[in-house]
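First subunit A sits with subunit B, and in the next complex the same chain sits with subunit C.
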Partner chain A sequence: MYRGREGQWAFVLHRITGVALALYLLLHVFDIGLVMYGPKGPFNAFLAFYHQWPFRIGLVLVMAAVVYHGLNGLRIILMDFTSWGVRYQRSLWYGVLTLTTGIGIPILIKVVPEILAGKV
Partner chain B sequence: MNVTFRIKRFDPEKDARPHWQEFKIEAGPMDRVLDVLNELKWEQDGSISYRRSCAHGICGSDAMVINGVNRLACKVLVKDLGNEIAVEPLRGLPVLKDLIVDMEPFFDAYKAVLPYFINDDPAPVAERYQSVEDRERFDATTKCILCAACTTSCPVFWTNGRYLGPAAIVNAHRFIFDSRDQGADQRLQTLNQVNGLWRCRTAYNCTEACPRGIPITQAIEEVKRELLWRRN
Partner chain C sequence: MATRPKTLQQARATYTTNRELAWWVFMRISGFLLIFLVFAHIFFNNIQINVATVDYAYVAARLSKAWVKVYESFLLGLAMLHGTNGLRYSIEDYFKRPGTRFWLKAVLFTAAGAMFVVGVMALWAFSYQQMGDAMNAVGHGG
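Moving on, here comes the complex of A and B:
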């Protein structure tokens, strides 16, 4: 493993979340598309299937990925289009991580008790 | 200091794949990694192969992966690494033997950006005048020694060896922003191709690896913006 610093890990996380979100989006479009088969179609069965706890944890990860990928995208825009972005890239990345965590905590407070209670 | 020194060895005539070899050696804290390598080659195992020339951080021959990061062996002190030292050949270039890699793909990318002065105007009687401010514009990128530490630290280059890489872009920057030069359009055209400038994903490994302290990512971003604004 190459011992890169913040910039390398920002890039690796951005790529992983990007690929994961692209795959999720395909699945999401497929699922929502099942609506066209009407109320007796497979849509509701899939919906119930996805309410099992592994998928709900997956959904928390999807939300974390969206927030990280979006915020780091703003970091990249600042680096690409301002003269100072590159100089502050490390601080910007720590900002991205802090904001991702900050936005993630309320999501966890809302979702984790629901998962533990087995609510659908 | 008692140092455990590990080298990733590869002999194309004997080995199917590279393997680690461990040496025990007594080294001084102010010894450089290159001194330790020399000591091992001269006293313990003459078959250890690596490049070195000036041994003072100028020729750029002895770039290698030292404890997981790209460094010049002649610029890293043993005391800054501790008792465990591991050296490997640069990544992304074919290994010829032990720590020696084939630098040809690296120099091909370098040549592609026309890294020389282009100006077809007749030479003036005196020098081609350049103000201090104009010279300052590309000062950082004049410092490159072509050691390949930047290009071979780039995750994009590891997976796509056809990417021109940071070193080529740095040397393009050196002439693109030279007020006396007239070849910027040709260079930008090369950099605008599919394996050119836009492959940079700003992972900053190049900037961290450069033994000359060149702000490489900053230079790459400046060339990106130059290309973008010129197109409009």
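Moving on, here comes the complex of A and C:
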């Protein structure tokens, strides 16, 4: 692989999280769409299945992907539409990583105990 | 008007550029809006409550509200277009053979279209009351 610097890793992560989120969206809409079949339909069984801990860890990863992809998207917008964005793109990327961590930690503090406690 | 394209190739060179430019702009505008829409969506449904408590009653009660239908419709439409176009970019970056590209895109657009229809149906196919009434009918309470 081409050993690029921060800009390349920013792009690779944006691509991976983007593809993952698009595929998650597909799953999510078909899954929640089962609500159409009413309270006696397959909806509750499906959701109970997804409430198992491996999928809840997956949901944490989805949230992390959303935060990174969104913040790095802001970085891209700044690079495209301001005169200084490209000059500071590397600093901006470290800002994105810091903010992603900063938003991620409180989410982990809230969600990890819920996962450990199992289904309510 | 400047010289109009005279061949299919010229037309492609002229018009796909404008369309691609439009998509380029759209990715930035929709991306900016989606940050707020998705962050709030996650906050309400994953952070404010324990997501393991989500069941039919919760979703039906949510989707019985008019503002939720409108909000989630914007989220669905923008996310579908943004995600589908992003996947199209990825397909064009990593698959060079025209045949492979065609079939991957055919699958992508079909899946995206089907997902959009299912999403709109789930959001709008029932009156504001119906989902709650169906819930009460089997004794889940309102």
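As a working rule, the second predicted complex is superposed on the first by the 119 of 120 C-alpha atoms of A that agree within 3 Å, B and C clash if a C-alpha of one lies under 4 Å from a C-alpha of the other, contacts with A are read in each partner's own complex, and residues count from 1 in each chain.
Quick note on the criterion: contacts are C-beta pairs under 8 Å (C-beta built on N, C-alpha and C of every residue); 3 or more make two chains touch, one makes a residue touch a chain.
Since we're looking at a predicted model, the values are computed, not measured.
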A:Leu26 contacts which: subunit B (first), subunit C (second), both, neither?
second
Subunit A residues touched by each partner, larger count belonging to subunit B or subunit C
C
According to the stated criteria, A:Gln89 is in contact with first (subunit B), second (subunit C), both, or neither; which is it?
first
Contacts for A:Leu97 in the overlay, against subunit B (first) and subunit C (second): which applies, first, second, both or neither?
neither
Looking at the overlay, what does A:Val35 touch: subunit B (first), subunit C (second), both, or neither?
second
On the A-aligned overlay, A:Ala64 touches which partner chain: subunit B = first, subunit C = second, or both, or neither?
neither
Tell me which partner A:Gly7 touches in the superposition: subunit B (first), subunit C (second), both or neither.
first
Given the touch rule stated above, what does A:Leu108 touch, subunit B (first), subunit C (second), both, or neither?
neither
Given the touch rule stated above, what does A:Asp80 touch, subunit B (first), subunit C (second), both, or neither?
both
Under the contact definition given at the top, report the residues of subunit A touching subunit B in one complex and subunit C in the other.
15, 76, 80-81
How about subunit A: which of its residues touch subunit B in the complex?
1-8, 10-12, 14-15, 76, 79-81, 85-87, 89
Of all residues in subunit B, which touch subunit A in the complex?
65, 67-69, 91, 153, 155, 201-205, 207-208, 215, 217-218, 221, 224-225
Help me check something: in the complex, which residues belonging to subunit C touch subunit A?
28, 31-32, 34-35, 38-39, 42, 46-47, 50-57, 59-60, 63, 76, 79-80, 83-84, 86-87, 90, 111-112, 115, 118-119, 121-122, 125-126, 131, 134-135, 137-138, 140
Where on subunit A does subunit C make contact in their complex?
15, 18-19, 21-22, 25-26, 29-30, 32-33, 35-36, 38-41, 43-44, 47, 51, 56, 59, 63, 66-67, 70-71, 73-74, 76-77, 80-81, 107, 110-111, 114, 118-120
